[in-house]
Amino acid sequence: MAILQVQDLVKHFPVHGGFLGRVISKVHAVNGVSFFIEAGEILGVVGESGCGKSTLGKSVIRLLKPTSGSILYQGQELSTLDHQAMMPYRKKMQIVFQDPYSSLNPRMTVHAAIAEGVRFHGVVPDTEIDDYVQRLIVKVGLQADAGNKFPHEFSGGQRQRIGIARALALKPDFIVADEPVSALDVSIQAQILNLLMELKEEFNLTILFISHDLKVIEHFCDRVLVMYLGYVVEELPCHRLHEAALHPYTRALLGANPVNDPDDRRPLAVLEGSVPSPFDLPPGCPFASRCSERRDECTIRMPPLLSRGKQHRIACYAIDPITR
Amino acid sequence: MIAKFFQSRGARRFRRNRIAMASLALILIYVAIALAIIVGDLLTLEDTMDRVGPANLPGSWGSQTTEKRFEDIDYYLRQVERALYRRQAGQIIPRRNPEEALKELRLGSLQAADHNPVATRKRVDEAVALFEELEEYEDLDAEPEVLPKLEELERLVAAFYRPAGAMGGFSRWLELSGGTDRQGRSIAIRAIYSIKVAIQVGLVTAFISILVGSLLGAAAGFYGGWIDHLVIWLYSTFSSIPNLVLLTLLAYMFTGSIFDGTLIPIYVAFCMTFWIGPCRVIRGETLKLRELEYVQAATAIGFGKFYILLRHILPNTAHLMFINFSLLFIGAIKSEVILSFLGLGVKKGPSWGIMISQSGQEVINGFFWQIGTATALMFGLVLAFNILTDALQDAFDPKHV
Amino acid sequence: MWAYIFRRLVYNVPVYLGIILFVMAALRVNDPIWTYLGKHATQEQYDQFAKASGLDKPFLRQYFDFLSDVVRLDFTVESWDQPGIQVGKMIRAAIVPSLALTIPALGITSFLAICVGLISAYFRGRWMDQLLVFIAVLGMSVSFLVYIILGQYFGAFWLKQHLGMDLFAISGYPSGGLTMATWAYYCLLPILISVIVALGYDTRYYRAVMVEESNRDYITTARAKGASGPKILFVHMLKNAMIPIITRIMITLPFLITGSILLEMYFNIPGMGRRLILAINAKDFPVIQAFTAIFAALFIVTNILTDVLYAIFDPRVRLQ
Amino acid sequence: MQKPQEGLILEVRNLTTSFKTDDGIVTAIDDVSFDVYAGETLGIVGESGCGKTVTSKSIMRLLPAHLSFLGAKSQILFGGLDLARISESKMRKIRGNRIAMIFQEPMTALNPVFTVGWQLDEALKYHTDLGRKARRKRSMEMLRLVEIPNAEQRVNEYPHQLSGGMRQRVMIAIALCCEPDILIADEPTTALDVTIQAQILRLMEGLKEKLSTAILLITHDLGVVAQVCDRVMVMYAGRVIESASVREIFHDPRHPYTKALLGSIPKSGGRSEDRRLPTIEGVVPNLRNLPAGCRFEKRCSLSDKEVCQREEPPLVTIDGRRSVRCHYPIQPHQPEEA
Amino acid sequence: MLMTTTVKRHLRGAAVALTAVFLLLTFVLPRAHGRTQIEPDSGERPLKVLQLPMRTDGPKSLDPVRGSTVYDNRAASMVYDTLVQYKYLIRPPRLEPSLLAEMPTLSEDGLTYHFVLKPGITFHDDPCFPGGKGREVVAWDVFYSWKRMADQNNQPKSWWLFDNTIVGFNRYREVQNAAEVFDYDAPVEGFKVLNDYEFTVTLTRPIQRFLWVLAMFQTAVVPREAAEKYGTRFGRHPVGTGAFTMAEDDWVAGQKMIFYKNPGYREEFYPLEHMPEDEKLGLHLAAGTRVPIADRVEFTMFVQDQPMWLQFRSRKIGYTQIPSEYFPKAFLRRRQQLKRSFREEGIVAHAIPLLDFIFRGFNMKDPLLGGYTDKQRWIRQAIHLAMDHYEFNDTFYNGLNYVYDGPIPPGLDGFPPDGLSPNSLQGPDLERARKLMKEAGHPNGEGLPVIEYYLGRGGNSAEQAEMMQRQLAKIGIELNVHLVDFSTLIEAVNNGKAPLFSFAWGSDYPDAENNLALFYGPNEAPGANHFNYKNPEYDALYERIQVMPPGPARTVIYEQMREIVIRDAPYIGSMARTRFYLVNPWLKNFKPSEDFYNWVKYLDVDDSKR
């Protein structure tokens, strides 16, 4: 059963200006995104900067209030809950952030940072908090004495472990991992990905994994949503990414990704045209301006996201309709 | 929190800065003196008001004209004379119990050396005779034979007094080290006592301003909306009125009120203007901090806004508070001088501001001791704080060197 | 653009109202009428005067009356302290002396401070920089008043008395028109003093600005292009630093009018600051209120002007 | 495998750069030597803090003079000069002219208050005798060369009006406008999206061909290295640990670190079921507190407690053209061709 | 987003416009200021220009009825004349006719004065007159000028001078102020115009001070044309009969006032009478010279003493009142003699004793310090005895003040010999003070609460308060000092909020009656009796002296009243200041006076000694 079901999620950010500062335009960060995640699944979201993937992640766990749309979590509608009503779900849904430097309060020890939420939600009895936190610290691969240290005493990878520990401390079912490895070196990136994988198995987590790196997504996730300027343009299982991906944008992403093989030097796929401004999106498919297979209808209406076989959905007019 | 703060990287960087540590030590010395005055009675308000000698005596290592020396001797002599005689209906007549008067005779830490009125009277007569002889000269500075006579007279008069107590000699030296002001009060004592006022004014205004400014600034930055608008309106309004004008207006508002003679009007006047600086800075910082991921993480955990503000935002503005505290401290001490010049400053007891503004008139007579001593002591404290501020900025806010 | 300026104006209306509200309220805490009436005053006279000056009306009424005067630019109210002079005229007469003092002071200070700040930032961390910073800190640690007292003594009196150089007036202001010579004689000394006082602060500020700019990537780019030190300093850095420089100068600008109160008091220069303090001391209501109104307006105009200048100097800034 | 071409243009020998910090002197790069040949692309690879950027800035002499210094034996031989020793004014003539550089963040690396044209023009003004019109013409040419559409309009625009990829193109145009012998590209595509990265990489490739400029490409992205470099130098904690042709590095790494690094990158395409990546455990040693022995020893799966902890291995040349710094280099899969 | 060139051009335009507005506000508007200076056409004689100081931020108004301060009077005396004036060189001051042809004559009953104006006296030329030519002064002008003091619209500050003095004047004031329009043509019973030059004034009772009042500038003669034309601006646009004229623009408020010789000034000459000591200074030499002598007089205002002193030392100003801080610089204190270096420069010193009454007052309605029982009186007397006026004198006044008993300043009838009364309470006499405190039931101040002490801010008042605190501490009395501005002080005194306060009274005219009025019961606060002192015996005596002519009989009553006040001790006192003037050698004919101000016309300049 889907643990999370998102329908037509929209998030706009108003832009103030003009006379007396009324709203003059909106940034269309997320434009009617629908998807679901099965319990225990890792759903990847990939896209270039500014495509709305982070906004999507934060909206899902209500760090941002969605403009419209529905978020069903274990059958409960979250999008309309207030601060108090949201409280039980805060515990169940956690987030791991990208920047290992700004994601930890520099004035709090590791122990305090982790224990804070545990105490707040009463995850374990107060007397056991210290033990519980200590176990977590070891579990995420930090040294036992790490609890009394401050964030600045750790390297980026270690901080990311602290961030993961903080999220896991509440024993959540669902985690949004918002580019958790993008700021890390490759060798550390592998450590963190492995850790996440282990913890997922152990705690039976469901993960919404956001990244701009297709290689990481492909490696780590079960399914992937490809986003472009607030729209999901394609959704497909990761193990079939290379052979099944059909959307021109997904193909371009795959093609532009440099392969780690000097013998496999191929001309990198290059997209022409310019990215439209998120302030005033043109009607139609946002990718149309760069798409090599653009058709007339592309600039008029956004193509619907249609199913094209098992676990595969795509939004493109150019894909042969017969195969849909 | 504070203990943890001192372990931070900034604090360690600060500790390595030797000049800054020296400045901190100097500040601590000042604070210790202030504490000793407030708690331990090192000096009392009376000490600062006591006459210790003739007016406008230069400091320990100053020189003076023969004419002035003669006038000073005149003063010392007159004090003894006064203990022995009194005026009544135009007559100079001996006092009924001069022993009492001699016992009461004090000039700071000096007291009468001899309480026997008969012997003292005899010696006073001797001194007066010599005094009158010298008085005949029209220009003491010009006549060469004056000097030995004057020295003789000085010896005679000096014998009337002795320093009181075990520390007497040192006390006397300290009293006169900075000279005396127009009322014959010790400039050094007054300048040292002023440390208390400066530290009080500095600490209280800086503390309150930081407290108010930070809370308002953080609340404005964090909650936004109408709170933000209100705070911005408040500080725009206050900052659009020239500082000095605002201070003057506020100081005037308080005159004649029950707070007269206390420092409260000054505190209020300063705080009214000083909270703006920290408020702006902390608001800006809060705007930045509230977008940081650890604040979002706290939201994701489910904490209320107020808790996040208190636990995650405010502690991370601590370095700015420190820097602003130090800036405001300097500001308060320096503004006190200006306010005193305008006659609106400290009302009871001395302060550097009062001393400096009073000395404006002496300077023209070539008497620099009051302005010099007050400025020197103030300079020490302000310089130390300036260096401290720099070091704090360097250590905690490397962007704003 | 014009819409922007208009909007800023509208935004500033509450601030403007706030300033006037505060000043008017502060002025009324202590009853000002007795001062004016002097030593033979009677209650009858008091009442009569309160009525004539409108001080017997409810406060809010007085507030709105005054606002309507301001809106109509009606400053024909007469000073209490100097009966027969309209406050508007009084303020106009004080503007030139104020500016004769403060504009050159601001100009010289800013110029020197920017230069020193640039030099200091250029030699950042080396002895030259440390020396300049130290001098600035030393200079900042002495009270303004001490500078004035000693400056006047040595700059005017001592020079004349001991060296026979009558370079500067001890105090005062030329009564006729201001010529270059009289300006130099009367205003230069206070200007120099205020430059010395302000230099410490400004140098440190500009140094911080320059240091921040010098840490930016584009400076490295410029060096990588082969640009020389001075080129980087005066072309790349300075133009980028214009924003903070403008901010600083523009913020100072409205305060110029009142900023040199002490100097004007001490040197007997009939500028706005002195006028204002005298008015405050004499509780000269109409003058204080008019000053506040005009000052606040000036403050708001410079604020908006600042934004417009930003847009000129920094292509990134758009007014919207 | 591409042979290094004739024409050695830059020889770096024993480059050591140290910084004065609050905690004393820290040596950021230690005894780095390499050569650059005309027309080739040399990649310098390593994780953050390994000294890649310091190497490039040392060559350009862009490090703050009062906070950093080069080791006594350091030599940077370029066109008959030792850049480590020439005067600043001579160095200025080389910077931007014969050695040019582009940076990671095109937004901040361009001066925000000057137009694109002005910034291009500036470089030309310093290094050529061209008149204003000629410079203008050259600027336009350069903009067209880096494939900027509407060059006539763009030349009058400010950096903030351009997109990220466009800005990096402008940076490249500025760097190349004096036809330098060497272009140092310090993480030129890290801040860019993959699709834009692809454009920039292709552009650089094309320009290298056209202008036969040598490129010193500094990056942490092994994918980029694999795609564009001829030779690769791998750095770790301030040291060069391996240097070889790009194919050798990828197919036949000798240093355990190089091998582990390659292994820890998620593979594109064929994905294994358990989704666990081989990793390098531990963290990079702190430059302030380096071990006595091999700097990689703590994280190395092959390390020999004794030797590796005790002494640091020397950089050994193998087969005359590649080198490795390891006591126990990995043995090749296939025997070398004799 | 692209910024197009047009947008940029707009921006620049806007900036230019805003800058222009700013500059307009600051530079262009004030251009009205400054007028071309009048230089005489005669190139022969160099202009005689006097530079004199004014130790204040300046007068407030030159309208005689509005002025109240010394400085108002001093400036007004330049442009206006009174009916009578003081003889320049004669001390103690004596009156002589000024606008009058001769001193007024008094009728048998002592109630009606008969005045005769000098003919041919004209007002300054001014556009308010037809043809701009000043017209002749007539008797009617005198009454018009006085009636202005009754008109509340003028906000007069000196009505008290005429209050209950002239028959029908009080009633006229009430009626006219109540009426719609103040009618200056309405008659006053006591004012009679006989012809253009002759008029009589009838008093309600014989009032001795009346002639003194006529020498005060509040009663100066002004032309109706000017007063009506200029309205409130009249205070800045004076039109009178005085020796000098002033144009509106020549008065830079708080800064400078420039006066020009009145070419149409009536024939007046430097006095022939002088005191013997004047010959030493050569003050008699100019006798018979036509006045005014100077062509232009420039007053510079000084708020700070230091600049004034420095200006004096640079010979920029003719004389200075020597501020006490600079006294030691110029004087050998022990001899009270000008230092040799100063004398060699040609600087001359004048010492002027002031008709001063500096005191601290008690509020007699205060439950603690007020009251008329013995115990209450003893506390006040003890405080009086504990105060050391000599230390004040030494410290703040260089020992130049006169410490005396009673409220009558030195030089006036009723002043005790040597300033010492038989009942003297002059301190410091701690023994007696302590004894009195003990008898009052407060040995060593026990049981006495802290006394709230109010005094005016400014000068060295803070220091003075500290000294007072220290002195009273010796008998166990603690003061809480309130340094307040003048309005607050007056308010506190008037509301009885201040049990102890500092005040000074300068005599308005040289007669003790002026000071004795301070203790007259009906004058209680908010009147001049700030003490709220009420003693029926005293009040009866006061009412008697008001109508008595000067003479030994009156002096006896003065002495009686003095001793009553000393015994009841509603005040602590007294001191009178001596003011020292230093005169630069280029200023000739200068004999300073603090009692009258119209002596500028006699001054001369010797430019060779600048």
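Which chain is which? They are A, B, C, D and E, in the order written, and residues in each are numbered from 1.
Here, contacts are C-beta pairs under 8 Å (C-beta built on N, C-alpha and C of every residue); 3 or more make two chains touch, one makes a residue touch a chain.
Since the structure is predicted, the reported quantities are computational estimates derived from the model, not experimental observations.
Note on connectivity: the fewest chain-to-chain touch steps from subunit B to subunit E number 1. Between subunit A and subunit B, the least number of touch steps comes to 1. Nearest to the global CA centroid, when each chain is reduced to the mean of its CA atoms, is chain C.
Across the assembly, the mean Cα position most removed from that of subunit D is the one of E.
The mean-CA centres of subunit C and subunit D are about 53 angstrom from one another, to the nearest whole unit.
Chain centres here are Cα averages; for subunit B and subunit D they lie 61 Å apart. Between the Cα centres of subunit A and subunit E there is a gap of 86 Å.
Note on chain placement: the centre of subunit C and the centre of subunit E lie 37 Å apart, centres being C-alpha means. Among the residues of subunit C, those in touch with two or more other chains are 30, 124, 157, 283, 315. For subunit E, residues that reach two or more other chains under the stated contact definition are 1, 3, 304, 306, 310, 485, 488, 491. Contact with two or more other chains is made by residues 161 of subunit D.
Of all residues in subunit B, only 233-234, 236-238, 240-242, 244-245, 248-250, 252-253, 255-256, 330, 334, 337-338, 341-342, 352-353, 356-357, 359-360, 363-364, 371, 375, 378-379, 382-383, 386-387, 390, 399-401 touch subunit C in the complex they form.
Interface of subunit C with subunit D (complex): residues 124-126, 216-218, 220-228, 236, 239-240, 242, 313-316.
Considering their complex, residues 304-306, 309-310, 323, 325-326, 328-329, 332-335, 340, 395-396, 418, 420, 422, 424, 426, 429, 431, 454, 457-458, 460, 462-463, 466-467, 469-470, 473, 480-485, 488, 491-492 of subunit E touch subunit B.
Residues of subunit D touching subunit C in their complex: 60, 62, 64, 66-67, 89, 92-97, 100-101, 103, 105, 108-114, 122-123, 126-127, 158, 160-161, 171, 174-175. On the subunit B side of its complex with subunit A, the touching residues are 1, 4-5, 7-9, 292-294, 296-304, 311-312, 315-316, 318.
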